[in-house]
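Next come two complexes built around chain A: one with chain B, the other with chain C.
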Partner chain A sequence: MASPIEQFQVKPIIPIINFTNSSLFMIGAVGLIVGGLLYASRKRALIPGRSQSVAEILHDFVANTLTDTAGREGMKFFPFVFSLFMFVLTANLLGMVPGFFTVTSQIVVTFALALLVIGTVIIYGFVAHGLHFLHLFVPSGVPGWLLPFISVIEIISFLSRPISLSLRLFANMLAGHIALKVFGGFVVSLGTAGVGIALLSPLPLIMAVGLTALEFLVAALQAYVFTVLTCIYLNDALHPGH
Partner chain B sequence: MAQAQAQTPQAGTEVPGDAHAADATFPPFATETFAGQLLWLTISFVVLYTLLSRVVLPRLTGIIENRRATIARDLDDAAAMKTRAEEAGAAYEKALAEARGRAQALAQETRGKLAAESDAKRKALEADLNKRLAEAEATIAAKKTDAMSHVRGIAAETAAAIVERLTGKTPAPQAVEAALD
Partner chain C sequence: MADPHKRSGEDERKPDGADDADLSARLKSLDARINKASVQRAESEPRAHSKTDSNAIGQAFRYSAEFVSGVVAGGIVGWLVDHLFGSSPWGLIICLLLGFCAGMLNLLRASGAVKPARYDDKK
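Right after this comes the complex of A and B.
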């Protein structure tokens, strides 16, 4: 039986171009998203069928999340936010297939995505508002003597955003998959440990079934959390110093 | 986790053994994989973003907007039709009221005309009857006067005849006349 962390091993497939199982599932996720959405919307029906409804629900869900947090102007980031949401969601859900690699359980991937979000916020913030963007760190209505402390706290909180954003997704996916593997391993270990102990092996199996359901929830929820936080950070770039 | 540690010795050598034998570092922190993963993440995400923003999302947005426009147009059409139907209903009510008014006026007129006609006929008849009555009365009066005018003559003749029978001689007309006065 394999170790619970063996599933996170990046294994080369085509070493010359650095193509690994991680790359395969990234490309696979992209292919699935684009292919799935194109297939679902192929009829361009006025009255949507089942697959087209799913595509439209995903579209409206992300659009509503974005406009609820960042307002109408937030829609200029819609393709970006939609790509992020679909990529994280698909990568998370692909990871739920037994034997598949979970791209989002790689800290380098989640950190790169978080840096992409924060980078977008910073660049757009300065391009759109110039130095006014720095008002983000100077909240209005704060007494003068408190301002330095508040500004320091605001800057620290801003800098910790990419870390918390990437760690949350990474840790959730990692821990969930380890827990699943560990409980799955218990079933085998208990089952082969002897007649008396083998009777206990259904207990971790029940646990593993429950955890699988929980992991599906976490996979969708973490994609949503990542998207909502992205929207909130983009709102800062759109409306700094509110 | 306490359970996990308790089970490890019974689970045999595989669990701890493999993990450390296969790779000393925890796989997600194996820095030598970072470059490759970043490269392919960049490629994947750029492809994803490009395809979604250029092809997929315009299509989805188009479908949804098209539906919204169609529904709005249909609702407008329905509202316009409703207005037209209400207008037609109002026109019908108006026409009905007019027709009813005209019918009443016509009935009133006819009734008035008939009443006037019968009134006139009745008056003509009454006038005719009255005239005849007056004529008849006049005739009676004339006859009566005529008759009364003969009474003196008859009286004179009768008186002369009586006198003649009684006396045997004819009295002088003057004497009879005088006696009658």
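Right after this comes the complex of A and C.
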């Protein structure tokens, strides 16, 4: 039986240009998104067909999430947020195909995405609001002698955002895939252990089926959580202190 | 059961001498009832909350990530401070403690016990 963490190994496919299986699936996810959306919107019908209404539902879903948390002016970040949501969702779901590599189970990938989000927040915050953006770190109604202490805590809390954003997605995908693999391994090792014990092997199989359903839920849910938190952080950049 | 008690309280209030003692007694009973009601509400509210959050594992992951990230961020900041100012190990020690505080703050904000990091009332 293979080790449950063997599936996360990054292996080079074309060593000369350092093209790995991780790169392959990232490109695959992007290609799938672009190709799928272009295919869905090829007719531009007033009354959408099946594929076009799926694309419209995805668009409206992200647009509603964004306007609910960041208001109307949040829509200027729509291309960014929609790309993030589609990439995370597609990468998560691609990882659910047996034998495929899960891009979002690599903390490098999720941390890069989170740095992109927090970098956008910081740069836009300073460009749009100047030093007023720093009011984010000065809560109101705090006694003067506590203020430096609280501000340092607020700054560390702000710096912890990209870490928690990336850690959550990474940990969910990693733990889910390891659990699936472990239960899958139980089926094999129980089945080959002997006549009496082999009767028990359907039990972990049932569990693995249940876990697969749960993993699909987690894959969609984590993409949504990532998007919502991105919207909340962008909201801080749009309205830092009023 | 509360009704007859209240009525007898009103009857006793008419003589002036017993006024203060009676008032404090009624205040005490009111206090007790408010406490009882608020305890009941506190008990019923989290239960309703947990009923809506059926995905408990997701929540556990979320909270643990919030807390751990605070400590990790504090550690990184402390290490950077030590690296830049040569104040080893004090920067790491102090910033890890502050990171612990930030992690608790993240946790309280994620669970909704503290208002989120929006300072709308700030002018």
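Note that the second predicted complex is superposed on the first by the 241 of 242 C-alpha atoms of A that agree within 3 Å, B and C clash if a C-alpha of one lies under 4 Å from a C-alpha of the other, contacts with A are read in each partner's own complex, and residues count from 1 in each chain.
Just so we're on the same page, a contact is a pair of C-beta atoms (placed from the backbone, for glycine too) under 8 Å apart; a residue touches a chain by one contact, two chains touch by 3 or more.
Small disclaimer: the values here were computed from a predicted structure and weren't measured.
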Partner chain(s) touched by A:61 [first = chain B, second = chain C, both, neither]: neither
First (chain B), second (chain C), both or neither touched by A:216: neither
Which superposed partner A:135 touches (first chain B, second chain C, both, neither): second
Touching both chain B and chain C, residues of chain A: none
Contact footprint of chain A on chain C as seen in their complex: 55, 58, 61-62, 64-66, 68-70, 72-74, 76-77, 95, 98-99, 101-103, 105-106, 116-123
In the complex, chain B residues that touch chain A: 3-4, 7, 10-12, 14-16, 18-19, 22-23, 26-30, 33-45, 47-49, 51-53, 55-57, 59-64, 66-67, 70
Chain B partner contacts - residues on chain A that touch it in the complex: 1-6, 8-10, 12, 18-20, 22-23, 26-27, 29-30, 33-34, 37-38, 41, 44-46, 48, 52, 55-56, 59-60, 78-80, 82-83, 86-87, 103, 105-109, 112-113, 116, 170, 174, 182, 185-186, 189-190, 193, 197
Parts of chain A lying in touch with chain C, wherever the complex brings them together: 135-136, 138-141, 152-154, 156-161, 163-164, 167-168, 171-172, 175, 217-218, 221-222, 225, 232, 235-236, 239, 241-242
